[in-house]
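Two complexes follow with chain A in common, the first pairing it with chain B and the second with chain C.
This part shows the complex of A and B:
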């Protein structure tokens, strides 16, 4: 760790950048008015999450996060935005009731956050048990085909049913013209 | 472990996941369109996945368990998005709108 000058500082800066990317993306995904900006916020948030997975010693999941979320989920949502034009009403006048509900939602979510923050920061999360493997891609592949082979097959079934269901639901009501 | 390195502190990941969960719930309440609610739901999935990965890294004996679980979460989230978006498009064909306030046929 000490070969490169200020390696720890650089690592800390990159880690804080990853945290900031995740949180800024999540805030953008929630508070923007236009839905396409919200999708962009989700993509930014997923890039930040991929960096966090990398810091958690899992480059495999970092790649999967980019591939599935940024590459598939966000692009699919953009297609739905193009087909369904879900613009939030900009000219609609805000009523007092709306502000009241927003305030209530903010209070509830703030309570959730502070409760989890207190819980998370009070505990000592250092490891108790010795590690049995290193979490490499080889060990993931072995575990997927031995210990977790049944959930693996169930996921493939679930994806198949999702594809068929999406086709069936989106096809009904479509006229021939 | 070097205590000065920030990425070895599990609390940071857990607090980030808590913030993602709170933002996701807030968006789920605040958004008025189905697609906005879907995006907020994805944030909640991400919070759960980040928690799984943090506990896997710092607490678990078998380091591949949490990664496989997060992979399953991603697969289920992708399936959910596919189904939800096809429902959104079907709703748009019938109502010419995806605003949740106007989908009130069952409102007695």
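This part shows the complex of A and C:
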């Protein structure tokens, strides 16, 4: 099939859209005062990230990002918020201490951003890491159960601990009530 | 192919939108006619022959109604929610193979794509309920989450079982593996998964629950919660939710057809094609309507108990059984 006209341009536009989705979602998650909206920002950010993964030739990872982060994590957060606090929190007036804290936060964030930027600008980005496999589900499964079986098992252990912790918290909560 | 790929995709998406719109309108007619017949009354008869123009009249009514956004709602989320319910169903339908050539996109992770975007659905209904600032809507939103989380687990377990049986997530390949006579359909492949018919039953029940259909329509329990999450929506806001419900039923039945009933394969091994797919699809859709007007709504505890105490253990058992069969006997497809 012949090359579609302006295919490169369309590809670039889609890439910029993916970047914009990620950034807008991230900014929305931080800036807004309503907690449900910031969860929505998180969801949008995750969709944008999934698009970026798709651009990196990892459709499986992209779809998993949506399935787990949007479908599970965001839904759980919204559910918890809804159980805890159906009404919006009252916005308090800003005090001097708050401004001091947010100034400190800005300094810390700026330092982290500067460090990352320095690190990124010194890194040689032109060298592509060689692809170790074809990124298909079969090869991901094999890698998870052979090369990366220890981290894989460690993650399952961490999840087990989290479940046990949740059970312990829930038990004491019920006894008190 | 003579048509360039981007144009082909746009054509397919437009076609799918038409398909969904037409089906949403006429499935409402089927639903009302069916409800009438099941209750020994004629159903809609006035508009057109046998009430066939009724969906068009309904659509005109919904379109001409005022869109009211009540005071105090979260305006952005309130408006976004109906679209967020509609979009995942459309994306999911894009990977469904209607026939050997009639598929918008044939990608290797098609099955995963449907379930990844399908999970946005819960979020959308929940946001709609929350943004409405209405106690019925919020109760309904909370119900939607606990229901969908409960039924997502057995559904995904069943799907993983099917992926193990077929060894692929490509829907077109899954259909092609089921070519030939009727016992090649995945629902009858008992020598790989002895509980294959039960696996199909679990999938079907989960599909009913995920699409919020009776007897699991706890989100829109009209006798308890007015109209649940949709209470505050008027005109086309409600109309889009309604269309999305039918779009999701279509998607769920399509996935069931592809995974278990051989997709566009004919039961005799010859004359396969899109007509077989549609026949199986509409048989399943009709059975969904049938069930709605036959069984009363369950209680919420019954709903959750069914999932956590019956469906999840049984689907785990079929999962383990079929993986053991595949490993021991080695008779994958």
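In this section, the second predicted complex is superposed on the first by the 159 of 177 C-alpha atoms of A that agree within 3 Å, B and C clash if a C-alpha of one lies under 4 Å from a C-alpha of the other, contacts with A are read in each partner's own complex, and residues count from 1 in each chain.
FYI, a contact is a pair of C-beta atoms (placed from the backbone, for glycine too) under 8 Å apart; a residue touches a chain by one contact, two chains touch by 3 or more.
Because the structure is predicted, anything quoted here is derived from the model rather than measured.
*Asks:* Clash or fit: how do chain B and chain C relate after the overlay on chain A?
*Replies:* fit
*Asks:* Can A:83 be said to touch chain B (first), chain C (second), both, or neither?
*Replies:* both
*Asks:* Would you sort A:75 into first (chain B), second (chain C), both or neither based on which partner it touches?
*Replies:* A:75 contacts chain C only, not chain B.
*Asks:* In the superposed arrangement, does A:112 touch chain B (first), chain C (second), both or neither?
*Replies:* first
*Asks:* Go through the superposed model and pick first if A:103 touches only chain B, second if only chain C, both, or neither.
*Replies:* Once the two structures are laid over each other on A, A:103 reaches no partner at all.
*Asks:* Please indicate which partner A:64 is in contact with in the superposed arrangement: first for chain B, second for chain C, both, or neither.
*Replies:* both
*Asks:* Comparing chain C with chain B, which touches more residues belonging to chain A?
*Replies:* B
*Asks:* For the combined overlay, can you note the least CA distance between chain B and chain C, rounded to whole Å?
*Replies:* Superposed model gives a least chain B-chain C C-alpha distance of 14 Å.
*Asks:* Residue by residue on chain A, keep only those touching chain B in one complex and chain C in the other, then list them.
*Replies:* 1, 60, 64, 72, 79, 83, 86, 136
*Asks:* Okay, in this complex, where on chain A does chain B touch?
*Replies:* 1, 8, 11-12, 15-16, 19, 22-23, 26-27, 29-30, 35, 38-39, 41-42, 45-46, 49, 52-53, 55-58, 60-61, 64-65, 68-69, 72-73, 76-77, 79-81, 83-84, 86, 88-89, 101-102, 105-106, 108-110, 112-113, 116-117, 120-121, 125-136, 139-140, 142-144, 148, 151, 155, 158-159, 161-163, 165-167, 169-170, 172-174
*Asks:* Report the residues of chain B in contact with chain A in the complex, numbered from low to high.
*Replies:* 2, 4-7, 10-27, 29-36, 38-40, 42-43, 46, 49-50, 53-65, 67-68, 70-72, 74-83, 85-90, 92-94, 98-99
*Asks:* Give every residue of chain A touching chain C within the complex, in rising order.
*Replies:* 1, 4, 10, 34, 36-37, 40, 43, 59-60, 63-64, 66-67, 70-72, 74-75, 78-79, 82-83, 86, 136-137
*Asks:* Hey, which residues of chain C end up touching chain A in the complex?
*Replies:* Spelled out, the residues of chain C in touch with chain A are 1, 4-6, 74, 76-77, 107-109, 112-113, 115-120, 122-123, 126-127, 130-131, 138, 141-142, 145-146, 148-149, 152, 169.
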